[in-house]
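Listed below are the structures to be examined.
There are two complexes below, and they share subunit A, which is joined by subunit B in the first and by subunit C in the second.
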Partner chain A sequence: MSTNLAVSTQNLGRVYRAKKREAGSGKEIVALHGVDLEIHQGELFGLLGPNGAGKTTLIKILTTLLAPTSGEARVAGTDVAKNPWEVRRHINMVSGGESSGYGLLTVEENLWLFSQFYGLDWKTARERIREMLKIVGMEDRAKTKIYHLSTGMRQKMNFARGFITDPEIIFLDEPTLGLDVQTSRVLRDFVKNWVRVRKNKTLLLTTHYMQEADELCDRVAIIDRGKILACDTPSNLKRSLNQSSVFHLKVDSLPQPDSQFQGLKGIQSFAHHQHNGLLELSFIVETENALMPILASIERSKGNLISLEKRQPTLEDVFINLVGRGLSEEP
Partner chain B sequence: MATNQRAVENLRSLRMAAWLGWQIESNWTDPFLFAIYSVIKPIAGALILVFMYMVVAKGGLSNPLFPMIFVGNAFYIYVAMVLMGVSFAVVDDRERYGMLKYMYTAPLNIYFYLLGRGGAKTLIATVSVLITLAFGALLFNLPIDIASIDWLLLVTGLVLGLLSLAFLGIFLGGVALITARHGQFTGEAVAGALYMLCGAVFPIDVLPGLLQAISYILPLTYWIETMRRALLGSGSSQILSQLSNLELVGVLGAFSVGVVILSVLFFRWAEHRAKEKGLIDMQTNY
Partner chain C sequence: MIFRKRVELFLRTVIGRAYPRLIGLQRERSWLIFDTLLPLLQMSAFVFVYRAMQAPPEYTGFVVLGGAMTAYWLNVLWSMATQLHWEKENGNLALFIMAPTSRMAILLGMALGGIVATSFRAAAVVLVGIFIFGAHFSAERIPELIGIFLLTLIALYGMGMLFSSLFLLYGREAWHMSLLLQEPIYLLSGFYFPVRSLGYWTAMGASIVPITLGLDAMRQLLFPRMMQQIKFLDVRIELLVLAVLGLVFLFLAQRSLSYMERLACQEGRLTVRGQ
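Our next item is the complex of A and B:
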């Protein structure tokens, strides 16, 4: 194992067992299956996958909150299961889409509390708190008690909490989930800059927003149903579809989109989902010739084509090509 | 070097958790109202006991058992407060504030953290105990004479008793870790059961055989008796009167050490189990 690895896993597995009194009693849910990962020091690494793919489970294991059921995980060179205390000295974590925080404390007090748990001296803590509150646009909220804050504000405070300790390795689990576009943009810019400026810092980001992964990450692992399906730089992953053509169609409706295009020649992968009352279809085809039978099929089933676009492959297309469905579709 | 670092982290955990606990306990209202509440609550509790006693007991407040029961009841304020202060931090942090997972990813010692969280309630309980005892001495002529208090016995007994309670709180914190849905009720249930078993409101001599046997293995039984002896000069139990003060403190010390060891072992197991089952960050919204 290379010495400059910030995170590494070998054959990591996690199985959840349904409780006796719950539906599907005794049923096993495989959240992670044989995950092998190597994340280098200084890397901004993304885990891209739909909800329920196993991203949060992996983060929980790496941050010592959850025990793996098989395999091994090391963070900052330390086994997370054998020496969680040592791991915690090197990490911090931010979970998105939640409203955690001590409601009776002010924003500043919440951040100060954690700065002290991590052993920051008071001067550094005050400086970093001021700096982070400025970055997340909450300078004027420093003295506001948490219970007065909206969920979005709490999430921004939580984001600041993760960074004030300036950890060697930070885990961001869907950090922009539920945040407005402007705030998400600010946080993404900060994240990108944080890793660029501090060469020895490592950031592991989970997301189901492919633009986020594409824009931010040095490398991306695509995960689905607990398995890593591909791992490379975003450009290399997209390049894997360079021999193919990607078409994006919008139609008003189709009776059976799942089965309609089965058997048509030249279709590598296909995914669909409803968006704003329209059915959006994504096709990855071997050649452009495959498009005509698709359009004919839509016409036969009386679907009205609203738009047709040929585009450069995205990470979502890579995901569709690997999994056969889109990131927003349920597994 | 590593030991030093660990010691610094432990102290830091304790200090910051105590600060957090105090903020949570005292910040729910303005300081004046909090002070009024802190005084009225123990006095109301003491009056309820007194009125109940006057109705039930023969001889009323002149019955020699009254001071024993009053003192036992006063110190029992610690039990619910310390137990809940320590153990409820697990439930509160996980369910209400959603912060337990962040505590578990920070370099803090969870035992020191929980003890620190219980510190604020221990402080509030101390004020309540002092107010209750002063109230009893002034209004009901409790035979507490400051000049004749056995201070060494009082301080030794108090430290050992609070140590037992705090680690019993750790034990219950372990229970809360693995029983996410009902964790908040265990502290109250245990405090209620101990009220009957440790001789706070009646001598353990009147308990049936099995309950008396349980009473003998509770450090709180010896602790309440020690507090009575330190303040009043004698205890309430005929059976325990066979033990000298030194023997009583010795037994209390031995049981306290037992509780510490048992609680740490149990909490470690519960923590391991919670990690296996994914319970550390589980929010049931129950």
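Our next item is the complex of A and C:
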């Protein structure tokens, strides 16, 4: 393996087995299967997939919280299963929806406490805490006990916690989950700068927000049902659909959207989901000629077309093309 | 990592993890009521029983000491043994495991913070006992008393550290385990009566809980005349056993913590809440 790899996995797999006394005893759930991944030092790498795709399982393995059941994973050049102690010196992690910390302590006390587990001297810790609280817009909350914080504020505090130790490699697992648009934007800007300004820092971001992955990441791996389906730069991934046309339709309703368009010629991929009371349909078609039979089919089933839009391919369209359903649909 | 850095990281971790417990004393002042007045009720019952029996006045101090030591036992059960489980539930455990520091330092921090905070509670119980019941203690063998007291705490919190990792395996059932242990140990360790009255072999069995021998030894030093007739073992033997128990519990705590961490990583339970 190349020495400038921050993270690499080879044929990595994880199978969960239900315990004897649990329902479905002996049942196996394959969370990861044959994952091969190489993330270079200094890269901002995204892992894009729907809920349950295996993103968090992969992050847990890479952060030494979970042992793989097959294959190998290396972080900062060290095998995570064989030498987790060495790996831990180089990493940190922030998870969306995290509720860590001690309610009785203030924001800065909590951050200081966790910095001590990384050996930060008090002066450095205090400086970095001040700096990070400024970045996440919580300077005025430094002395607030965390049980008084909203979920969003707490999430911002945890975001700060991850960066205070200035890790070589940071894992962000859905870091903007549940945050408002403004705060998410601030954190995204910070993340982008953190990797750009500090050379050799690596960031692995998991998200199911395709815009987040598109905006931030140097490269993106698309993961579904424990398998990596594609891995490239966002523009290259989208370019794979350049020969195709992407149409986005909104209709009031359709009786059986799953089966309605089966058999129509020229449809590469199709996904649908309900949004604001309307049925949103995404079609990736080989040529624009395929659109007419689609519209005719909608008319036959008495659906009212509200809008029709032809657009540039997005990462979500790439995902639909690879998987046959949208990111927000249940597997 | 060089040795000096390791020691520094270990100490920073201990201080860091002890901090919430120490600050809790100042920020949750309700302990002044719950942790002194409630034990006082239980102590009162025994003080009045001994007085009704016209037992020697030393028995009041005997009971007050038992009352003070209950604070440590409750702290070990509810703030050590079940602690890692609660840390898992609120998401801290994953951060502990992921940090490049010693797990034992985290447990030690929990223990030291608990000891200091509980000592304030225990001291409050003793003061209330002296003030209300007029308990008095012999102050002749203070250095030995301090030695026995510290050894008792080391062994007791060593046991708490061991429980902490073992209870992680039990998940939510840990709460029941603590409940199961709380009252029987009041009886078996002789918190309010001479442990020898349970019979030699029962007292010997109960000595696995360090507070049993610690209480007996401290009482021998504080009430030498009265304890002549009712002591369980010689103080020197109790001192030796407490030292051995302390070492054994700390060793087992370290081993079981490594084992539990490995097991939890394999089974994927370190971050799964509500188990």
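Throughout what follows, the second predicted complex is superposed on the first by the 327 of 331 C-alpha atoms of A that agree within 3 Å, B and C clash if a C-alpha of one lies under 4 Å from a C-alpha of the other, contacts with A are read in each partner's own complex, and residues count from 1 in each chain.
By our rule, a residue touches a chain if its C-beta (ideal position, glycine included) is under 8 Å from a C-beta of that chain, and two chains touch if they have at least 3 such contacts.
Quantities reported herein were computed from a predicted structural model and do not represent experimental measurements.
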Given the alignment on subunit A, is it a clash or a fit between subunit B and subunit C?
clash
Would you sort A:H208 into first (subunit B), second (subunit C), both or neither based on which partner it touches?
neither
One more residue to check, A:Y16. First (subunit B), second (subunit C), both or neither?
both
In the overlay, answer first, second, both or neither for which of subunit B and subunit C A:R141 touches.
neither
So in the superposed three-chain picture, is A:K156 touching just subunit B, just subunit C, both, or none of them (first/second/both/neither)?
neither
Touched partner set for A:G119, first subunit B, second subunit C, both or neither
both
After superposition on the shared chain, which partner residues are touched by A:E98: those of subunit B (first), subunit C (second), both, or neither?
both
Under the stated touch criterion, which partner chain does A:R219 make contact with: subunit B (first), subunit C (second), both, or neither?
neither
Just to be sure I read the superposition right, which of the two partners does A:R128 touch: subunit B = first, subunit C = second, or both, or neither?
neither
On subunit A, positions contacted by subunit B and by subunit C:
16, 60, 63-67, 85, 88-89, 91-93, 95, 98-102, 104-105, 109, 113-114, 116-119, 161
Listed in rising order, subunit A residues that touch subunit C in their complex are 14, 16, 19, 60, 63-67, 85, 88-89, 91-93, 95, 98-102, 104-105, 109, 112-120, 145, 161
How about subunit B: which of its residues touch subunit A in the complex?
8-9, 12-13, 15-16, 19-20, 23-24, 27-28, 97-99, 101-108, 272, 275-276, 278, 280-281
Across the complex, what residues on subunit A touch subunit B?
16, 60, 63-67, 85, 88-89, 91-93, 95, 98-105, 109, 113-114, 116-119, 161
Complex contacts: residues of subunit C adjacent to subunit A:
1, 5, 8-9, 12-13, 15-17, 19-20, 23-24, 27-28, 90-92, 94-101, 106, 265-268, 270-271
